[in-house]
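A short write-up of the structure that comes next.
The first chain written gets the first letter, and so on, giving A, B, C and D; residue counts start at 1 in each chain.
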Amino acid sequence: MIVTLTLYGALGDAAADGRVTLTLDHGARVADARQALTEHARAHWSDPRESLLARSAFASDSAVLREHDAVPDNGQLSVLPPVSGG
Amino acid sequence: MIVTLTLYGALGDAAADGRVTLTLDHGARVADARQALTEHARAHWSDPRESLLARSAFASDSAVLREHDAVPDNGQLSVLPPVSGG
Amino acid sequence: MNPEMLDARIVDIAEGGIDAAAALDFVSDPRFGGLACFVGKVRAQNLGRVVTGISYQVHAALACNLFRGFAERAVQAVDCELKLSIVHATGRLAVGDVAVVVAAGTPHRDEAFRACRMVIEAVKHEAPIWKREHYEDGDSAWSEGCSLCETSREHDAGHARGQHHGHGHG
Amino acid sequence: MNPEMLDARIVDIAEGGIDAAAALDFVSDPRFGGLACFVGKVRAQNLGRVVTGISYQVHAALACNLFRGFAERAVQAVDCELKLSIVHATGRLAVGDVAVVVAAGTPHRDEAFRACRMVIEAVKHEAPIWKREHYEDGDSAWSEGCSLCETSREHDAGHARGQHHGHGHG
């Protein structure tokens, strides 16, 4: 499946227009998306920010997901680095 | 000394214009004023409200006084029944 | 407390209501990230009776003096830069009218919340203010309240722990 | 939570600021005697640096969804009638601009304070919002923040107990 990851906060400038598109196996889980994004960052980003990625959460438009959750069927994931609202 | 006591809250309608004037010994303390007001109430009020007077505090215009404090030199005391602000 | 840091006032409802936004403005400061505010309003019911309004009587001079003392205690407690606004209404209020506003501004939020809470508790339990509730049947009654006598206060404190105060509409 | 009881919104600063008075109006109700409100403002300094403004980025759809969850938690915690307003800014804010308002209305004050505090803590630690501080020398930096990963959050919680968070301006 083709998954589009939207990068927020300090990750936003890592990719053009703040988005990365990856191809994952059918039935992929959040942990798989995290692994694929980390590998993509190592290969394509001048600063792969692995520590920040490790502390980032993945979310659908309605909820923050856990590692074992399935990647949403619509192929849309948000990557949320540590938050600092308020 | 002549002392004017201004009555607040539920005590206010006990006396005409909410005030009682009493004559106390020179050097009187708050406890003396309380005693004199209680006796005045027994003598002159249709409902002497002794329980309410016992729970009332006495104050100058700047502070709530304690029983052993002297009656202010200006002869002005406020009688404060239990408060219910807010 | 520096007078510029404290707005302590009694407002006659006949001359206009209390403005919470103005209180928040007063406690704002470029150094402050956190403002906490409490607004006490007249509610339509108390202890099972339908309330149509509340008349407040206030010993204004003493109240403002005591408000300054409450502010000093809050400064001591939070131990940081603090601006406070403490404004209470007097006169006859209708349901929904603002009876009291306490606002606190500090660099960080925890101190603002603590100062705001401390001060509203003091206003409710220690300020020379009396509330008479008016009911839909035309009856009215002074609220029970908290004694300011030392000896009675100890009794009240034990009583308050066991049940709701009869005079707390907020 | 009944939608009439909750106003959860993200406001673009370019379309006007956040109005704390409107939030207090929203949480008012004839049944409510106590309203508590927190206002977070951009302050002129953080961690020793002079701040000239803050840019907020917000995942608005997710944020509003999570705000509803925060409100549900507050309802569970206070176990009484409750209205909440949770409004956060997005875009570039200047010093003194309102970044966030949380207002809570309840019959009595303790529940209003508790709900307000619970919700602002959740907004600060759990909402998908990111802050970039701008400094007087033209530099800017994303704030450190709280991880939303389960494993990282445990680490952050231990860290936070030991010292001030780097991202709390209010």
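Keep this in mind: a contact is a pair of C-beta atoms (placed from the backbone, for glycine too) under 8 Å apart; a residue touches a chain by one contact, two chains touch by 3 or more.
This structure is a prediction, so every number in the text was calculated from the model and none was measured.
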Set of chains adjacent to chain B and to chain C: none
Partner chains that chain B and chain D have in common: C
Maximum centroid distance from chain D, chain identifier (CA atoms): B
Cα-centroid distance, chain A relative to chain D, in whole angstrom: 25
Whole-Å separation of chain centres (CA-atom averages), chain A against chain C: 49
Cα-centroid distance, chain A relative to chain B, in whole angstrom: 73
Multi-chain contact residues (two or more partners), chain C: 40, 120, 168-170
In chain B, residues with contacts to at least two other chains: none
Chain-to-chain touches, reported pairwise for every pair that qualifies: A-D, B-C, C-D
Parts of chain D lying in touch with chain C, wherever the complex brings them together: 20-21, 24, 28, 30-45, 95-96, 107-109, 112-113, 116-117, 120, 168-170
Residues of chain B touching chain C in the complex: 8-10, 12, 54-57, 59-64, 66-67, 78, 80-86
Touching residues (chain side chain D, partner chain A) in the complex: 40, 56-59, 61-63, 65-66, 88, 99-100, 120, 123-131, 142-150, 152, 156, 167-170
